[in-house]
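The following blocks contain the structures, represented as C-alpha cells.
Okay, so chain A shows up in both of these, paired with chain B first and chain C after.
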Partner chain A sequence: MSAHAHLHAPVGGPLWTRPFRILVGVFAFCALFFVYRFAAGLGASTALNDGYPWGIWIAFDVVVGTALGCGGYAVALLVYILNRGTYHPLVRPALLTSALGYTMAAVAIHFDVGRPWLLLRVPIFPHHWNLDSALLEVALCVMTYIAVLWLEISPAFMEKWREGPPGFLRRTSEKAAPIVDKALPWLIALGLLLPTMHQSSLGTVMLLTGTKLHPLWSTPLLPLLFLVSCLGMGFAVVVFESALSSGVLGRQRETPMLASLAGIMVPVLAVFSVIRFVDLGLRGKLGLLGTFDLYTGMFLIETLLFLAPAFMLLSPKARNDAGNLFRAAMVMILGGAVYRLDAYIVAFRPGSRFAYFPSFAEMMVSLGVVALEVILYVVIVKHFPILSAPGAEAAVRPARA
Partner chain B sequence: MRLLGAFEKDQLPWETPGVDRRDFMKVVTAAAVAVGIPFTVAEQMAEAAVQRKLKPSVIWLHFQECTGCTESLLRTSHPALSTLILDLVSLDYHETLLAAAGHQAEKCLEETMKANEGKYILVIEGAIPVKDDGIYCKIGGRTALELANTVAAKAGAIIAIGSCASWGGIPSADPNPTGATGAPDVLKGKTVVTIPGCPANPYNLLGVVLQYATFGTLPALDELGRPKFAYGRTIHEHCPRRAHFDAGRFVQVFGDAGHREGWCLYKTGCKGPATHANCSVQHFGEVVDAWPIGIGHPCFGCTEKALAFRAPLHSTVDIERPTPPDTYPPIAAAQGRISPLATGVAGALLGAGVVAGAMASRKMETGAPASGKPSGPEKEG
Partner chain C sequence: MTAVDRRTLLKGVAATGAVAASGIALPALGRVAKVAPPDAVGLLYDASLCIGCKTCVVACREANDKKPDTKLSGGLWDMPSDLNGQTKNVIKLYKDPDSPERSYFKAQCLHCIDPACVGACMLGALQKREYGIVTYDPFFCSGCRYCQMVCPFEIPKFEWEKLAPKIVKCELCNHRLKEGKQPGCTEVCPRQAVIYGKRTDLLAEAKRRITENPKKYRGQRKGDAPKVYGETEGGGTQCLYLAHVPFEKLGLPDLSAEPVPQVAQAVQHGIYQGAVAPIALYAVLGAVVFRNRKKQEEAPPAGPGGGAGGAK
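Right, the complex of A and B next:
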C-alpha cells in the first residue's frame, strides 16, 4: 500500500481560477433554491404530484448520480476481482468520483423526501424495517456504501495529513492508517458487494410499479439491466473524468490505459443491448417498437446511445484516439442517463391525468448539487494525492510482470 | 293588519269555516310557486286575490272524456285545494259538481254567460266529435261542437284541460270513429290554452287561472298553446332517474335487479325524452312519486299527440334534444403543470451540455499531450 505514495500526487496550483469562480457562482445561485425548497416546501418548489411523487431529484441525482458514481465499483471490479493491476492508477480518482457521487445522491434525497429528518430512522430503527422493501435495501446499501467509499479513499487523505503539521489530523491519521490498511480488503469486498446489490435494486424499484411502467422497460430483467448499465456508465465516467481532468487540470494524458479500459466497455454495451432485445423478443413485446409513439422513440434513442459508443470504440485505433474516446464516453454516459431517466420518469405512466416536468427550482437544486460535487472534486484533487502521479504507471508495471 | 281591516264587512273566501287569511295566502302563494311562478309574483297574486275579492266566473264543459281531470283536481289533497279553488273562482257551471240538474242547469249556464260576458273563463274537458256534424256527443240537446263554439264566443279566456280537450286524447285514437278533435282545432282563430295530460296536473290549471285572475293575462305559451312554465321541458330533462340514464344503467325487463334499484326506464319504453311536461318536478296530488316513473313505470307520453295512444307502450323513442352532460366531474382533478420557463431552462442546460461536450472533445483532439513524456502503457503497446 505504500506504493500509493508514488502512484498519486496532489495536482496543486491555484484554487481560485476563473472556471472555479464561475462554478462557485453557479453553486451560490443554486444554493438560493436549496433554501427555497426548505422554506417553501415541496409543493411550492417542485412540479411533483400524486402521480409523480418523485422527480429529477431521485431520477437524476440519485439514480443517474449513483450510476455515475459506479466508476469506483467498475474499476475496483477490474483491479481487485479480475486482478488487472494496470488500472490501479485509476482506482483513486474513480473512488473519489464515486464517494462524491454517492454523497451528493444522499444530499439530493434530503431535498426529495418530505420529512428528511426522519431519514435518520432508517439505520437506527431496525425494528421498523420492512424486509420486503426494495427501497429499504437501496437506502441501507447506499448509506453503508457511502461510508465504505470514504473509508476506501481515506488513505489518500491520511497520506497528506500524516505529512502535515502536528495536530489532531496528524495524530488521528497516524493512529487510523494502520487500521484502515488492515481493513481495506474487507472494505474493498464490501465496496464490490454493495453496489451490486443496490444498483440492481434500483431496477427492482421500478419493476414493482408493474403495469405503470411501459412494457418496453418493465421486464423481470430490469435489475440486471440496471446493473449492467451502471457498469458501462462507471467505466465511461472513469474515461470521461480522466480525459477531462487531463485536459482541464493540465495532467498527463492516460489515453492508452483509457483505451484499453474502453475495450472492456464494448462487450458491456453489447451485452446490455442484446439482453434488452432478446428479453423483448421472448416476452413478445418487440411489436411495440412498431407503434412509433414517444416510448418507441425514447427506446430507439437509448438503443442508439448504447450501440453508438460500442461501434465508436470497436477498433483499437479508434480507442486510442483521445477525441473519439472522450466522445464515446460522453455518449455512453448520456445513454445510461437517458435509460435511467426513462425508466424512472418518461416510461412511468401513473395515469392520463398526471403530468410531470421538473420545475425551475428542481433543476436549479440538481444543478447546484452537481456544481457542489465538481467544486469538492476540484478542491480535493488539488490538495490530496488522488490523481496519478507522473510516471506512476511505470512503477506499477514490474509488479504485474 | 291594515288590509285585514278593510275586509271586515264582507265575507271573504278565507272566512269560510276552517280557512283563515293566513292559510289562504299560504295556499295561493304555494300553489303559484309550485307551478314555477316567481315567489314575488305569487305574493302579488295572493294580495290581489285578497284585495279585489276576485272570483272570476268559470264555466266548465265536459265532452268526450272520462272526468279524470276533474277527479284529479278534486283529489288535490294538501292543502285542501279543491275547497280553495272553488272559493277562489266562482265555479258557476260544472256538470260534475253542479247541484242543479236538467233545465235548471241549462239556465245556470246561460245566466252565467250573460252576466260575465267577455270575462268568464271557459274550461273545456274532453274531445269534441266533429264527424257527422258532431252528433256523437250531445248535452241538453246541443252537440259538443255547438256548445263549444257558443260558449267560447263570449269567453275571456279558454282553457283546454287534459289531452282530450288539447288534441283529442284517447277518443281520437285510431280509428277515431267519432272524429274526436281537440278544442284548438275546433275553435280556430281563438287563443286556447292547452293543458294536456292524462290527467292534466291540476297545478298547471291553477297557475293559469291564477295569472288570468290576477293580471288578466295568460302565461307564455308554446306553439301548441301549452304554458311554457309547465311544458317547456321534457320529462327526461328533469327526471329523477336521469343519473342512471347518463351512467348507462337501464332496466332491461320489468322486475329485474335494475328495476328494483330504480334505474332508468328508457329501454322499457319510457317516452320521457320526447314528452313535454312537468310531472317529474310536480307530482300529482302532492303525493311524493305519484306519477308513472315515480312508481316504476315508463312515462307513456300522455301529453304528446304523437305518442299517447299511438306509439306502442313499450317501444323506445328517439332522444329529442339530447342533453348529455358535456363533462363528467373528475374523480380527482388533473395534476401536474409544465412551466414554459422550466422547459426552456432544461433545453438551455441540455444545449449548454452538448456544446461543452463538443468543445471539450475538440480540445481532446487538437490539444497536444500535456506532457511530452510518454506514459507507461504507451511504451508497453
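Right, the complex of A and C next:
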C-alpha cells in the first residue's frame, strides 16, 4: 500500500487558471442548450428525424465516447491479464478517464432518449428484459460498468480522504478501503468482462439494421471489429492523455512506457484491418471497393487512418519519439472515431427521403458534455492522487531493454 | 516492446477471434426463425384496385384518435406527407415520369412474422401479441428509437414535437378487433382494395388473383414473375401486397426470405446463450487477475514496477 502512495500524487496548484475559466465558460454556454433540449423537445432542438432517429448524441457521445473510455479496459488488460506491472502507473489515470467517459455517455443518453425518466425502468424490470435486444445488453452493461469503474478508482479518493480531517469521509474511507481492496480482483475481472461484452454488442446493435447498413460495414463480425477498435482507441487514449497531461499540467513525460505501449497498438491496428479485408473477401464483397462513391471513400479513409499509425509506430525509434507517438495516437483515435461514426450514421441508409446533419443545439450539447468531462478531470487530478508522482518515473523502468 | 509481449497479445487476439467466429458460425444455424401463429391476421392490399380516395386514411384517424395532419396544407385539410407521429396509415401515389405507369400505395405496419423491432426493444414495449399483431405499450418505452433504426419498412414513427414522445405505428386496430369489428381502413374501403382476414386466407386469395390474372400483376423488379409481397420477404409479413407495378417502385425493399433479425440475433444468442460464455469468461478473468496479483505480491518488489503492480 505504501509503495503505491509514491506512485501517484495530486497535481496541486491553483484551480482557477485561465484555461480552466475558459472551459467553464464554454460549459456554461453549452448548458443553455441542455435546458433548451428539455424545454423545446427533440423535434425542435435536433435535426433527428424518422429516417435518422439516431444522431451524434448516440454515435459520438455514446459509441465514440465509450470507446474513448476504454483506456481503463486496455490498460487493465495489460496489467492484470498479460501481467505487465510496468504499466501500473498508467492504470489510475486511464481508469479515471474511463469512469468519466462512461459517466458522460450515460449523461448524454438522457438527452437523446425521448422519455429519459423511464430509463430507470430498464434495470428495475428484469422480468421485462428482452434478452434478444443487444441494446438492452449494452444498457445494463454500461450501467454496471460505471459503478465498477468508480469503485476501481475509489482507492485513489480514499487514499486522500484517509489522510484528511476527521469526519464522515475519513471514517467511511477507513472502513471501506480494506473491503474494496479485498474485492478488487473481482472488480477488476468484472471491469474486463463488461467492456468486452458491451463494446462488442455495440457492433451487434447495428447488425440488426440489416440491409439498411451498407454492406461494407454490415458483417456478422461487427461485434469483433467493435471490440478490437475499442482496444486500439483505448491504448491511443492513454498515450494521448498522458502526453497531454505532461504538456498541460507539467507532469514528467512517460515516454519510455508509452513507447512500449505503442508497440502493442501496432498489431491491434493491423489485426483490425486484416479482419475487415478477409471478411469482405469471405462475404464476396471486395468488388464493392471498385465503385467510387461516398461509402468506398469512407472505407478507404478508415483503412488509411488505421494503418497510418501502425506504420508510424513500426520502429522502436519512432515509438520513442514523443511527438510522433502523440501524432500516431491522435490518428488512431480519429480512425476509430470515424469507423464508429460511419457504422452508426454515414453507412446507415434509411432511404433518399431522409437526410441528417446535426443541429447547432446537438453539437453544443455534445460539446458541453465533453467540457464537463474535462472540467471534472482537471478538478480530480489536481486534488486526488491519480497521475504518476514526479520521481516515480525513475523507479519504473520500461520493460523493453 | 518485447517480441514476447506482442506474441502474447496476438495469441490473445487470435483466440478472441476464433471464439467470436465460432460463436457466430455455429448458432447461426441454430436460431429458429419464427413462424406465423395459426390465428395470424393481416391485410391484403391490392394496388391495382385502389383509386386513392384516402377514405382509409380518415377512418384510421377516427379509429385511432389521431388528429388530421394539416401542416403541409397550411392548416386547411388533412395532408400527411408520409407516415408520421400522428399518421398510422397513408395512401401514396407513385408516378413514373417517363410512362403512364402509376399506382397508389398504402403504407402501414406490415406486422412481420419475425419482426426486427420486437427483437430490438429493450423492455418489450413492442411485442407480438394475439393474432400475431405487433403492439406497442408506452409504459415500457424509453423513447430510444432503436425500433426505427431496425425496421426495414420505415414504419415506426416518433412524436418528435412532444415533450413526452411515444412511438406511433399501426397496431391493426387491435382495440377494435376485440370488439368484433374490422380495422378502420378495411371497413371503409369502397373498392375492397384493402381487405382484412386470416393470413392463410389472404395469401390464398392473393395467389388466386395472380393465377386468374397473371399478366396483370408484377414482381419485385421489372420483368420478375408476379408475387405476393410479404409471403416470404424478411421472413414473411402478415400484411400482404399485390401490385400492377414492380414493388421496388412502391418503395418495398428487396428482402430475402431470411428474417431481418436472423443474423444479428444468431450472433447475440451465440455469444450469450444461457449466459455461459460471459460467466466462463468472468471466471477465467477472475482467476487470472487473482493469480497475477498473488504472484506480484509474493515476488520481491525488485522487478520493474512489480511491487506496485500487486499492491493496488
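Simple rule for what comes next: the second predicted complex is superposed on the first by the 390 of 401 C-alpha atoms of A that agree within 3 Å, B and C clash if a C-alpha of one lies under 4 Å from a C-alpha of the other, contacts with A are read in each partner's own complex, and residues count from 1 in each chain.
Assume a contact is a pair of C-beta atoms (placed from the backbone, for glycine too) under 8 Å apart; a residue touches a chain by one contact, two chains touch by 3 or more.
Remember, predicted model here, so these are calculated numbers, not experimental data.
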For this session: In the overlay, answer first, second, both or neither for which of chain B and chain C A:T86 touches.
Result: both
Problem set entry | Partner chain(s) touched by A:N49 [first = chain B, second = chain C, both, neither] | both
For this session: Return first, second, both or neither, reflecting whether A:S246 touches chain B, chain C, both chains, or no partner chain.
Result: first
For this session: Using the superposition on chain A described above, determine whether A:S260 touches chain B (first), chain C (second), both, or neither.
Result: both
Problem set entry | Which of chain B and chain C A:R353 touches, first, second, both or neither | both
For this session: Would you sort A:L289 into first (chain B), second (chain C), both or neither based on which partner it touches?
Result: neither
Problem set entry | chain B or chain C, by number of chain A residues touched | C
Exercise. With the two structures laid over each other on chain A, which partner does A:A31 touch: chain B (first), chain C (second), both, or neither?
Worked result: neither
Seminar exercise, completed: Overlap of the chain B and chain C interfaces on chain A comprises residues 49-51, 86, 260, 353, 396-397
For this session: Using the touch definition up top, name the residues of chain A that touch chain C in the complex.
Result: 1, 3-4, 7, 38, 41-44, 48-51, 53-54, 79-89, 91, 112-116, 118-119, 121-122, 125, 128-137, 139, 155, 181, 184-186, 188-190, 192-193, 196-197, 200-201, 204-205, 207-212, 220-221, 223-224, 227-228, 259-264, 266-268, 271, 275, 316, 319, 348, 350-351, 353, 395-401
Seminar exercise, completed: The residues of chain B that touch chain A in their complex are 330, 332-339, 341-343, 345-346, 349, 357, 360-367, 369-371, 373, 375-378, 380-381
Exercise. Hey, which residues of chain C end up touching chain A in the complex?
Worked result: 1-2, 5-6, 8-10, 12-13, 16-17, 20-21, 24, 28, 82-84, 116, 118-124, 138, 140-146, 148-150, 152, 154, 157-166, 251, 253, 255, 260-261, 263-269, 271-272, 278, 281-282, 285-286, 288-290, 292-293, 295-296, 301, 303-312
Exercise. For chain A, which residues are in contact with chain B within the complex?
Worked result: 47, 49-52, 86, 243-244, 246-247, 250-257, 260, 321-323, 325-327, 330, 353-360, 362-363, 367, 390-394, 396-397
